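Alright, structures below, take your time with them.
Heads up, the next two complexes both have chain A, just with different partners, chain B and then chain C.
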Partner chain A sequence: MEKRMKIKPSTLLIFLAAAIFVIVIPNTNEGYSMMIVNLGLIYAIATYGVSVMLGMGGQLSFATVSFMGVGAYITANLCSGRNGINMNTALALVIALLASALLAFGAGLILFRLKGTYFTFATIGLVQVSWSFYLSYKPLFGGPDGISNISTLNLFGFSPKNYNDWFYILAAFVLVIAFLVERVRRSQLGRSLAAIRDNEIAAQTLGINVYMTKVVAFTIAGVLAAVAGSLYAMHSQFVSSDMFTYERATTYIIMAMLGGVNNTAGIFVGSVLVTMLPEWLRFMQQYLQLIYGIGVILLMVFMPMGLAGLASGFAKSLKRKLYSKKKVTAGKEGPKQ
Partner chain B sequence: MNINTIVSLSVNGIAMGMIYALMAMGLILLIRAIGVMNFAQGDLLMFGAFVTCALTVDLKLPLWIMIPLALISFAVIGVIFMFTVYWPLKDATYPTATVISTMGAAMALKEIATLIWGSLPRSMPPLMKNPKTGKAAVLNLFGIKLQWQFVLTIIVGAVLIWLVFVLFEKLYAGRMMQAAAQDKYAAELLGIPTILTTAATYIIVVIMVSTGGYMIAPIFMVSNTLGSLQLRAFAGVVIGGLGNIKGAIIGSLIIGLVESFSTIQFSQYKDAVVFIVLIAMLLVRPQGLFGEKVADKA
Partner chain C sequence: MKPILRLDKVCKRFGGVVAADDVTFSVLPGEVHGLIGPNGAGKSTLMNLISGIYTPDSGKIFLDEQDISDVPSHMRARMGIGRTFQTPRFLQRSSIEDNLLLGTDLANQFGYLKSYFGKKGSDFEKELKELMKFVDFTFDWEDDISALAYGQRKQLEIVRSMLSHPKVMLVDEPAAGLNNKEIDDVMALLNYAAKERGIGILLIEHSMDMIMNICEDIVVLSFGKVIGTGCPAEVSSNEAVIEAYLGRDVNA
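So, the complex of A and B:
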């Protein structure tokens, strides 16, 4: 029983880093640079969806942007007074969440009739369909002009006045969602997904309902994307279709791969880094995309498990040096529940 | 809608379908040979269009010098692509890594093209010109007017596809490539140099795709957005059936025709119509048109 209460040093380190991030960033940034950080936090929420699908379940899905669009446009329609509706924003967020859960569940039921590569191709189809509707259908999605004048978030009377206020709200959202994703990883669902990722047939023989497990994971990913989309709409107070293209979908996958696709802290670092890099490398704007593309290839060659893989490898070698004279510890990362 | 429009729309559709078929066939060759989805397929097409455009417009080379030069440069691009994007990752522990690196390659190709040739779309003269007006030549078939470029695209595409079939069915080199694709380890034991067969696959794929880029360059403008055409090829692969080359070709032709005919009614939603057909198809026949339902093996 005592062992259960033991907190791993790495967890402590992550919480410490998160605390420093939340204290330092809003006190050193404001205005535009704060907005970029906030966008990074919003993308992190959507990237957690990618992590559930790709990291836990091994299913490569591009559908993130489709469901981000669902969340964003539901919020935009309910909170901008377009059709005479101007709803409470927190309520709109909940509605967006429920609607996207239903849609993602339905889409998952259809798409998972395919496996592996062909599932991925079909999600690209979904992205193209949703994008061309977002771009062209005026009554619901505002057409090429998008939808503007969306009200900002109002959580029980507290409403952010500038980007620094937004930062605290988004950080809270990211923290809660990161915690939930970490819980899912250790739940029966997470373990089933890991089994499916490693060997689908073996998972089936163990009595896992492969099809439904995948569909549930797809639904979770869709809901996370929709929450990100809804928050994006309220944060930018403007939505247009160029947020939901196929190219954007690849960015979320790259964010997840940079951080470490199966690591909760890594996903966050990856999303913020990919969002911030263009700002840091502004002086070589012309070559930015080229560096980015080559960087992705090099990343896959040298550290396919992302920054988190690099960090855990470093921690392991450090541990080996420190404890090499003491007893050899069994297992990889200490006791698990 | 009279017979005239039906015929010309079908020809346009089949021509675009041929382009998608070239890409789709390349995709399946790569999936079979090395098990990697290539997300840079469309950008290789874009690059091919830019290379041929530079050779014909900037250097003003005649066709008989231009074609061998272009083929050599496509082969070189194929080898470079293989050794940068696939070779360092062939023993990757995480299979998705190879796929993601092709996405990175897609971005890099797009940017290299922009850095070399600028971001403005370039125009390319059609292969067959009307000697009097200097515009694209028109084929007059029993009163139905067809653009020569579309007709030529169909012919070139069909010939390329036929050549690849001959290679794989009839020639010894093709059999070696098939053996290497089916079981790399056994093929190596038999003395087949798998590095050469993989390189050959990449060269064939890049030549097919880039020639597709050359054929559509006069129809569209040559710009770095041509890469998005690959999404239709993906749809063609899924409609055709799992890993089936004939299916992928027919699937791509269907996609081309659907796209072409959907411009009559809903040109804004052309993309949506194409992919709704795909999703409807998945509902009815998830294994694709020509796929067979096979149980998985452990």
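So, the complex of A and C:
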């Protein structure tokens, strides 16, 4: 029952892999391929929201794209000069964050009147509603043409000149957000969400306000999606409604499931892999959807906890093997039965 | 002494089934109060009424002389009603440490934000060490809860509830599925909770050994009605109780 050791080898390994990623990728890629990696990083931020909702709290929500849209369109309106406004981009990011927090909180209060599957279906409804607005309402969302000429991010005078510059900024965002999300998991909020995921009645008897805790998680997921949306708008300098369809919404769920829905490092790996996959499989593009679909089915059957589950299962069996070897030697040396 | 938990004419029916019919009794602080009755007598329903999972159709429930009949379940837990379940309810995919910390979280009550920024409340490790004296097994913090045997989990659920500093603890069949040594440990733990911590314990149990051993007071339910109260000796010689448990003699 002794308290744990300071740093686990797996944590060390993850940081090592992250460092290699940050050093190698921008030095071997540029232009288009760098842009794809950057998109993977942006999607990872939104997928961390899925991790908080689905991984920690067991609540399946498709609303990621709705709030990504909120972040993206707020930024687009404030930083493209289309309404005569051309605001500081960092300020626009903060405004997008606060506005999405309010909206997500309000939406959460309403949506969590429903439970389980009913809640999930309601979020699908929300996605359809928000997408119709994004597609059709010209004054705010530019209609089918979207909004272009969005300024690129300017962080205290530093402005990325190419996709490689962007990579470092996005990597920093992902790192900070990954840290914040991991902290959620290890604080009271994460434990409360885990309790709700496993058994709502038991959670209540442990003093957890099930309804409000879900709303808080939904708000966090909304804010993360909006930050991703805002960064997306500045990175691509263009926003249109086809980024925020129901089909896109399912992608974030798949990213989370592939990586490991309740694993901070896994979420990142899953997001980048799912973003890169269409590029790697470009030569068989007409079969892409087929491969994708089969992949998802196989994923659910053979590794429901994703790549992270696979890795931790491997680590556990390795540990067991080493441990049982020790036991055998002890048995040999000990008295015979 | 003022009762810590008091039920006043509590009624609850599900369709035509009367699960609680005019139930009135009270639990004193530092007392182990037995709640017994044949299967289907409404014992677990009563626990659910007290912890707020059900609301009573009529009647009132008082905690520390404060009416809590309309208080939602999670608020009742925060006010000091702890409980354990017939089958222990833990986070299946979380470490033992996280599972136990849920109890400490309930004791702390300073909210998600302060906890997020690293505020530590009551001394989890010290308290846990104190409580673990009563159970006869060790574990690794990092292990999943599934690494523990059923009986160990049942004991740990009582430990978790005690970490939350309850005023009243509702303990649902702690001895079911435990071996004799474990039952002794549980009795020692419950005794410690009542005598040293002053917690009022409401204990559902089918093991008469355990009930007769540690309860000062007993209330007997049958078909939702209180059919007998008193100390173990009184209850075990009560005609109505014997009838409910053994049936009426045809020739009587």
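One rule holds in what follows: the second predicted complex is superposed on the first by the 319 of 337 C-alpha atoms of A that agree within 3 Å, B and C clash if a C-alpha of one lies under 4 Å from a C-alpha of the other, contacts with A are read in each partner's own complex, and residues count from 1 in each chain.
We take it that a contact is a pair of C-beta atoms (placed from the backbone, for glycine too) under 8 Å apart; a residue touches a chain by one contact, two chains touch by 3 or more.
All values derive from a computational prediction rather than experimental measurement.
Contacts of A:210 after superposition on the shared chain: chain C is touched, whereas chain B is not.
In the superposition on chain A, A:147 contacts neither chain B nor chain C.
Applying the stated contact rule after C-alpha superposition, one finds that A:269 touches neither chain B nor chain C. Of the two partner chains placed by superposition, only chain C is touched by A:188; chain B is not. In the superposition on chain A, contact of A:201 is made with both chain B and chain C. With both structures placed on the common chain, the touch criterion links A:300 to chain B but leaves chain C unconnected. Once chain A of one complex is fitted onto chain A of the other, the partner contacts of A:117 are limited to chain B, with no touch recorded for chain C.
Touched residues of chain A were counted for both chain B and chain C, and B has more of them.
Overlap of the chain B and chain C interfaces on chain A: residues 199, 201-202. Across the complex, chain A meets chain C through its residues 1-4, 183-184, 187-189, 191-192, 194-195, 197-199, 201-210, 213, 216, 262.
Residues 54, 58, 60, 110-111, 113-114, 117-118, 120-122, 124-126, 128-129, 131-133, 136, 199-202, 246, 250, 253-254, 257, 261, 286-287, 289-290, 292-297, 299-301, 304-305 of chain A are the ones touching chain B in the complex.
On the side of chain C, the complex with chain A involves touching residues 51-53, 72-75, 77-78, 81-83, 85, 89-94, 98, 101-103, 105-106, 108-109, 111-112, 115-116, 125, 132, 138-142, 164.
Across the complex, chain A is touched by residues 31, 37, 39, 84-85, 88-89, 92-94, 96-101, 103-112, 114-115, 228, 231, 234-235, 237-238, 242, 268-272, 274-276, 278-279, 282-283, 286, 288, 296-298 of chain B.
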